[in-house]
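Think of it as A, B, C, D and E in the order they're written, each chain with its own count starting at 1.
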């Protein structure tokens, strides 16, 4: 089994798992199941990151997402109530119809472009893949992150500050009398 | 070697599923999860494209998007919790007093 | 030399302006005398200025005053020629007498000075008309006399009939003016100017006969309005609502002859259009007999005189249409004398009878007011055409000229002759009904002779009615020579020159007059029951005449009412609903679009999401498809 | 000097604004006194104006150079009478507004600002500047109608505003297009009338731009079928509003057609003669017919405006000396007579608080002076010779006939109809016996009111008898307009006096 | 071995000042619990420093531009620029922030303890948008956008006493995140298509290569436009705006709307006009389409609103359309001028709304404006001028702005767009006029005049800007003309 074959197999399995997870998120009546579905997708995508040598990103994905974000989600679900299942009935008139039409249109469009448009995802110039160039080790990613992208990195600090301040402001809620 | 197009197509599919889920579900939490799904699709796209072009910047960008997602989660969940505390519901359909 | 003729206009105008602003500070008779002095002064000036023409040596002069609308060749300029001089003399002369008469007649009216303001203003306007040196200025006078007519007919504004009559007079005249104005447009288009001098000199080079016919007919339209000819005569009988001096001055002697004057003035244009001339004459003849027949059956003394005026104006048209301009103007002059006389006499009667105008309630007034009766008798005979009074000479000349013209004009001549007969009859009827027989007046009437200030003008006019005709007899064509410079280069229809024809024609004319007068006297000197029966024997014709053929009613039903309906439809359906509805409809449409689009904003997040995604999809598809 | 003329009313408005609101009694007198200053300046301008010198006292200060816009003012024989008329009527309109007791200060301010806008629009030689004034004056007028009007004032004000704004919006697009065409042909941007007038436009473009301008002005004039805002606006507006609206604002439409359409688009103007003539004539007849049966006195006068302004448009597009002169002078005349008529209707309204014709009757008995003035103005409006209306109408009619015979003939019918609707109205309002009790106790004109009417009446007579005063100033400018058109197009002006040409132009 | 990056302090000086300021506010609040007045002065000082620093930047940028040295305008390895475009937009943002905070200050004060956090959030949001308008890198741009947007989500939910505020927050949050995801997916696709996140890099790439099958790039552009179209509330991505404007705290809505619009349009203009100028033939019609839809839908819907805030929201949709015509026109100066003018007017208009609604930000139905001309003549007068300015009446700056963008669009050959735009602006008049009618022409009971706080300074400035720049627009126009993107 060549390296290529291995990658293909892993891709197929992970892709199916990711899709299954995604579908679960959308279709599960209980938010808990949705959360679990999302978790599955996250892991599957992380696997695909690894396959593509994005090691650091994969690790962050698992730690931040699966670890922190999903936990938060679960906390909130617990807070709101696990048993709150959504009814199958769509309360909004025609919403599903429109979504269906929209989905159909997107798929038709995608198929049309793919079949008749000589669609390519990336410029043909970059065919030969240099494994080393994108080997996302911590060191390899860190270098651009802290040199070229240092400003963006600092900007994330703002994001987190806002997250903290915002959560505080929103949570400090005292119902007024009356 | 899996063609880059496969990865991208997978990402597109995930993105679409996420987007449709956003429109189909009325639980704010689940809608929010769908947005996470879409962001993951974006990440996958970036990594795959970067790999195909021998460019590490794709991975760096993913790093930032992860942070953004995290910050969104904090604020978003705070809003949802705040609403729940007053109205005891997480269904966005019930928040439709402003219209017209 | 005659540069001062502008004073002829300015004097009465100054009188009008003065009385307008300061009249209320001037005591009653004085303001009347001031007005009379103003117009009397104008008469003197006109007479002085006319001396050269009378002597036979004068040349027409054009006097430029100031620029008005140079772009269309219309400036303030006066043309002083024999025709203008004659008209000016008539206007000022008869006008003065009527002014004086009015001092007595309007005695006690609370707006006494206002009346004389308007009379003076009228005199100034009329003089502007006749002295104008171009069509624009003529039109100025033309419209101003219309204004004065409006003001004076509606003088007693609290009477609704009076104001309605005033309005009707102005509007009907405007309809005529419409034609007149188009005629002026044509004149301007052809000649590039409106000045008489410029036009008449070049008439021969510029005018085609078609154009001349068009202009001639359009001027005729204007003239039918002002001179109360078919079909626009309907305003004149109503105009009798005005005070009687007004009827005498405006609606008998002067203003209504403006149409005759315009056509006479435009003779160089009519020169090129026999068609238009013939139409003028035919309209005149038709009007003459039409109005005379109506006059037969009227009970109101002023109505008889009004229809008589229309009829006599028809005679004048008959003359100028036959190109007997001198005859026409001659009749204009004599008519001014005797018709003014008749009106003033009628005024005197009405005054005496405390505003009674129904002849059925008069009778036997000769004893109470002999002077009035006598002068009116003279006027009546002059109108009837009994020689040697003024009316005979002018009327005879008209009929003779028409006869001499021949062809279609034989028909018109016969009509004229019949009209003369009718005229003699109705005027005899009038006089007999008023002054002869047993008194039929109401208990509270105390008829009395009018004061001196009123009778003196009557006497003066009676004198003129007697001798006025002598200025132009077949034996001595004084007027014709006098007017020659005004009609230079224009072919004038003369009466037959051989004495035999002339004699036969005169005899026929005298016969008609005598028969008419005789029949009238015979029929009405009997007691009322008898002549009533006489009138009834003519039914239904008599009734038709009494109702003036129902023309007013006809106009009302066929023109006024549909016009009003149309206006109402335009205003309340087309405009309010249609045009404005469309405008408001656009507004409503936009609002409607807003209301329609509003439900898009459902308030549901997920609906918004669908819209967002759909929009994004459209954008993407569009980009890819066009890229 | 021209700048001062525009800024004076603005300064006056500011002065009025600085007076505290509670000193109510001095706002109006102060406003009147201040508004005499522009009148004096305009009078001086009229005095020193040189007829033959084209645009004079030109001010040309760049405003924003890269766009080519400039504070470009100038006066010629076409705009001069309008400026004088504006400055004359503003004090009169203000002085006629003593019945306005609430928010007097704002009222005076708005009127003065309106004056500035109107003067500016008449003086502007830069299209951008013109548009600014043209549009900006909507606001004060809008407030004047909307705040001090009668019952349906809001509807009327909004309709007035939106309708006219719609027209000018299209004009804005055309102005932009013109300026950019100039920029692409000459390399530098300019909105100056003199620059844009020489543009080389394709036939289609020129017609499109012409249409855009023409619609804007047609709404302002207003020409049928764009007229329906006018009766509403007039009826609801306070007296001063009606006076200024009728006397000046409407003139911007006719002025614009003359100044901009003819200068900027000579070819399209010549091509558009039939259309404009049809609209003008339809307006004349239609306005008159509709006026006949109006139950409201003000509405009647408003529709008479529609009719009268048709004459101006007809004269403008006849493209003859007489027609153009008549159009310009009729601009003034209509301003005077209709302005005065609105004043009088306002005075009646002040006394009786109704404008319905049916509510009156026999007023001449109780208010003879008012009746006299009304009759005088009525006859001026009807076009009685010797008064001003005649000079304008007669010039237009006689002057237009050689170019547009059949249209002119129909237009002349309007003269007949004018007599019908106005005299009928006079009859119903003033004559007869005052049978309604309210009508028999009215007071006649006060000295103040007479003082308002007399200057107008004097001008009416002066222009009627001695229009040379105005025509001398006007003629060189209108001739210049004609010369340009003859020069730039293959249009031949009909020359009266040569019979062969009579039925050639424009009668197909 | 990592070499330390080169730090260009000048390029981020204002952002740094704001960010530090935000931190300072939070720290001071925790430490000393100062009176609102002190906090106000502190924030004012911070904003003044930020504004001052932008002026400093302008000097630098002008020098660089004069020497033709565009390289030096790009800092942080191409993440960010300090071109005139960025600096101008940034200054507008800071000015809008100052005015917006002044307008909403009474609301901030009424929040009590949470006031400091709210202030800090405002400062942070401005920092984010400020980075966004300066970003030369799409990911950097996205980060700035998110910093700003997330802060705005929180601000929308601050009026917690009102149910509408929560609804506004969750709607804004969900839809905003959704739009952000769409945007960043577009960025990813553009990256896939061109291999670069950098705006200059993308332009370089499109210059150097003829791309045979550019569908992926077009999809990317489309998604980016949709995402940013959401932020600027262009139709059909506008649906959130009315609901959020109505629900969010009255005092801060003006600020929120203004900065989002300024930053969003700056980004759209920069991306489309700089990065994708070579593909203009393709995207111009699409942008024109969005423009038309925005103008028509916004104007028509605003016409039927009974709530002033919703009305202003829909008018904002229409304005997005008008500004889009400037983008179609392809000249950034028209867009920048319009943005500056509109931002000021918007903040001013919402200051009036804030006064009328009161500090607790209750309703803003048209009924409450009845007779305002009598109650508070100055307030009503200011509102009138601002509304007319937004409507684009000549002698207000709004007209100059509209004129500018229309001229640009016409010059690009989009005459039909200009015609639609002028007609739409007439419809726009109709709804602005409605408000004026209610204020002046409807009779009202005599109520007490409204209490006006710091809003009066906002109004004075906004009215002054509306009229002065309407009559003498050249100063600002010259600046906008100099403020070119690299």
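The rule is short, and it goes like this: a residue touches a chain if its C-beta (ideal position, glycine included) is under 8 Å from a C-beta of that chain, and two chains touch if they have at least 3 such contacts.
Because the structure is a prediction, the values reported are computed rather than measured.
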Shortest chain-hopping distance from chain B out to chain D: 2
Other chains in touch with both chain D and chain E: C
Partner chains shared by chain C and chain E (touch criterion as defined above): A, B, D
Taking each chain's C-alpha mean as its centre, the one farthest from chain B: C
Maximum inter-chain contact count - chain pair: A-B
Central chain (distance from its CA mean to the mean of all protein CA atoms): D
From chain D, the most remote chain by mean C-alpha position: A
Approximate Å spacing (C-alpha centroids) for the pair chain A, chain B: 6
Gap in Å, rounded to a whole number, between the CA centres of chain C and chain A: 102
Chain A and chain E: spacing of chain centres that average the CA atoms, whole Å: 30
Euclidean distance of C-alpha centroids - chain B vs chain C, Å: 96
Two or more partner chains touched - positions in chain D: 162
Multi-partner residues of chain C (each touching 2 or more other chains): 587, 598, 601-607, 609-610, 613-614, 620, 624
Residues of chain B engaged with two or more neighbouring chains: 8, 18-19, 22-24, 26, 31-32, 48-50, 52-53, 55, 57-58, 60, 64, 68, 71, 75, 78-80, 82, 86, 92-93, 95-100
Which pairs of chains touch, using the document's own definition: A-B, A-C, A-E, B-C, B-E, C-D, C-E, D-E
Footprint of chain E on chain B - complex, ascending: 8, 15, 18-19, 22, 28, 31-32, 35, 38-39, 41-42, 45-46, 48-50, 52-53, 55, 57-58, 60-61, 64-65, 68, 71-72, 75-76, 78-80, 82-83, 86-87, 92, 95-100
Chain C partner contacts - residues on chain B that touch it in the complex: 19, 22-24, 26, 31, 92-93, 95-100
For the chain A and chain B complex, residues of the former touching the latter: 4, 7-8, 11, 15, 18-19, 22-23, 25-26, 28, 31, 34-35, 38, 41-42, 45, 48-49, 51-54, 56-57, 60-61, 64-65, 68-69, 72-73, 76-77, 79-80, 84, 86, 90-92, 95-96, 98-99, 102-103, 106-107, 110, 120-123, 126, 129-130, 133-134, 136, 140-141, 144-145, 148-149, 152-153, 156, 159-160, 162-164, 166-167, 170-171, 173, 175
Residues on chain E engaged by chain A in the complex (per definition of touch): 2-5, 7, 12, 19, 22-23, 26, 76-80, 113-114, 117-118, 120-121, 124-125, 127-128, 131, 137, 139-140, 143-144, 146-147, 150-151, 153-154, 157-158, 160-161, 192-195, 209, 211-213, 215-216
List of chain B residues in touch with chain A within their complex: 1-2, 4-8, 10, 12-14, 16-18, 20-21, 23-27, 29-30, 32-34, 36-37, 40, 43-44, 47-60, 62-64, 66-71, 73-75, 77-82, 84-86, 90-91, 93
